[in-house]
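Structure provided below as structure tokens; questions to follow.
Every chain is named by a letter (A, B, C, D, E and F) in the order it is written, and numbering of its residues begins at 1.
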Amino acid sequence: MKSKLFITLKSPHEFGGLELVRASAKGAKSALLLFEDAVIFAANAKKGKELLSAVQEIYIMKDDWEARGLPLAVPEFKIVDYPQAVELIMERYEQTITV
Amino acid sequence: MAESLLILVTKPPYGFEEAFAGLRAGLGMLASGLVPVSNALLVGEGTLNAVAAQRPEAVRMPSNMEAINDMLDFEAKVYVVKEDLLHLVGDVPLMEGVEVIDWERARKVIDEHDMVTTF
Amino acid sequence: MKTMVIQLRTGTMMNMDSNIAVKLAQAALDKGYAVRIFGYGEGITLIKKGQDPKRFPNVGNETKEMLPKGLEVVVCETCCKARGVARGEEIEGTKIGSLTNDLSRFVAEGDRMVTIAR
Amino acid sequence: MKSKLFITLKSPHEFGGLELVRASAKGAKSALLLFEDAVIFAANAKKGKELLSAVQEIYIMKDDWEARGLPLAVPEFKIVDYPQAVELIMERYEQTITV
Amino acid sequence: MKTMVIQLRTGTMMNMDSNIAVKLAQAALDKGYAVRIFGYGEGITLIKKGQDPKRFPNVGNETKEMLPKGLEVVVCETCCKARGVARGEEIEGTKIGSLTNDLSRFVAEGDRMVTIAR
Amino acid sequence: MAESLLILVTKPPYGFEEAFAGLRAGLGMLASGLVPVSNALLVGEGTLNAVAAQRPEAVRMPSNMEAINDMLDFEAKVYVVKEDLLHLVGDVPLMEGVEVIDWERARKVIDEHDMVTTF
């Protein structure tokens, strides 16, 4: 199966894509890349772990994370910058799917 | 160098233009002759776009059923994930021509396409 | 050289989505990738001339600055017409085009598509 | 307490305002008026009942409902037209709160 | 005569929200209420001249038709500038104004506010 | 004939312009002299607008903290519902000047205003 990078810009409150991610990621190498309000997931241990149950890796954007001034509650999340995000999209995963 | 684009429809009809816009984008690919394969996969609330009893004229919106039929006319596939529909509104009748599938098959559909874009 | 296709579907100012598109494009160009942006639906507002946000980033100007680096930007004509954005109102060097002529070409030539939408 | 008419345009998938409605409606005469994709709540008995646990009355817009062609799963929901919606907003409730 | 204030914050075409604003305004005017619409953020697109949607309702025209019935429509100037919508691009009879001068007046004279936003 | 407008902030800072726009609207009311009372109530993810450690310059966005301070300068109240903040991100330090309340009090705040608008 093609490796999959899921992308979301939605806050935990807005985000309803968990089941879609879980269903389409099953059996594939997969990760989730969090932009904008989606980085708030990193400040909530329970919601963060839920995401980790659906994909193997979770990346959050450094600038979006820093802007919000919140404590990191899910140490498994990896903080990345834009060049790294481009690398994930163009080289490390075969498909990108916005959710 | 993508040869196929999957239109992943997650938004329900009429409130947003998204589902209509997505089906239109799929049609654009097929009409261009540059992207040989473009199909649509309806998931979650997106499955409601294939409900047979829709009456878009009630809200003066363009018909998403017509947009689905346009894709079918170009011999594209329009897949609907049954589990998602059942979970949402039960077993309501769907339009003719759409292909009802389960998530097992939906995963294969996603994999058969080079690119996926979500509406 | 691989190509990143960005499909932008939200308006310039309602949220930071167009910023994300701009920053991704900048980083991809810097790394030597080709980048194409297609503005669809509300995303057409990216190329509106004369944007002058008092406190928010000016994504119109930033888009313009990337054009000489090989960025190609096309937005959907039907979507422009619907919103009363006429030909001539687009930033110089960007194009009002179509799904059939332009997005399809981007897809055919593209390696990855990033959909920026809510 | 002032009587409250909550308004939402969000589909069940998008809508995250239930706790806000419940918390702010407590102790007041209250209703929810559903426009656009929010009418999909009327086609799902479980989600529809959840809304009914937070407010006393639920109204759905006739044209939005008819456009979607779905079977009504929550008979307690009342179908209204635009003149009736105006009546609810201007006369029957003292505050409107979009959620 | 009671007054309904509608605060519209989403774009004309991205979804049906502006339609809802228009239909509520029509019904309220028909029942004899005064109606004010304030376009804020992306909602300023309601008054853009020259809207020509192929398949969607033309909310610009419908707004225009309600003006002689006493509808007042003002949109936020800062929001217009940010998006490159200049004075003169607004539908005749609508106004590019401000929170301080116009929304405040609508609130002070208003009886109910309906917020149309996502 | 409304004499007071409550700005109900439900959206978090920076992703959307909503929270900033809402606080600006409140300020506009106060500056006008036409609407004597306008306060803000931060609920759900909206409570994050009052977090003390925000660094909006990281995303080049206008500061929602500054917008809150502007309202406080006009002697408006900016209320934050504690339960919602705790539930979301735990007990993080908030800006000086905001008033931390529970839902019991928040209901009274809503009731004290003629109109409510949501951002």
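Here is the rule we use: a contact is a pair of C-beta atoms (placed from the backbone, for glycine too) under 8 Å apart; a residue touches a chain by one contact, two chains touch by 3 or more.
The structure displayed is predicted, hence computed values, not measured ones.
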Chain labels contacting chain C and also chain F: A, E
Centroid comparison with chain D (C-alpha atoms), farthest chain: C
Maximum centroid distance from chain E, chain identifier (CA atoms): A
Copies chain E and chain C - interface residue numbers shared by over half, same or different: same
Interchain centroid distance [CA atoms averaged], chain A/chain C, Å: 24
Gap in Å, rounded to a whole number, between the CA centres of chain E and chain B: 33
Averaged-CA centre spacing for the pair chain D and chain B, given as whole angstrom: 28
Multi-chain contact residues (two or more partners), chain B: 10, 14-17, 44, 59, 61, 115-118
Multi-chain contact sites of chain E, meaning residues that touch two or more partners: 13-16, 41, 56, 111-113, 115, 117
Junction residues of chain A - those touching two or more other chains: 9, 13-14, 16, 36, 95-96, 98
Each pair of chains that touches, named by its two labels: A-B, A-C, A-D, A-F, B-C, B-D, B-E, C-E, C-F, D-E, D-F, E-F
Interface residues, chain F side, partner chain D - complex: 8, 10, 43-44, 103, 106-107, 110-111, 114-118
Touch list for chain E against partner chain C, complex: 10-14, 41-42, 45, 48-54, 56, 60, 78-79, 81-86, 89
Chain D contact footprint on chain B (complex, rising order): 10-16, 44-45, 48, 51-59, 61, 88-90, 92
Chain F - residues contacting chain E, complex: 1-3, 5, 17-18, 21, 24-25, 27-29, 31-35, 115-119
Residues of chain E defined as touching chain D within the complex: 2, 4, 15-17, 20, 23-24, 26-28, 30-31, 33, 111-118
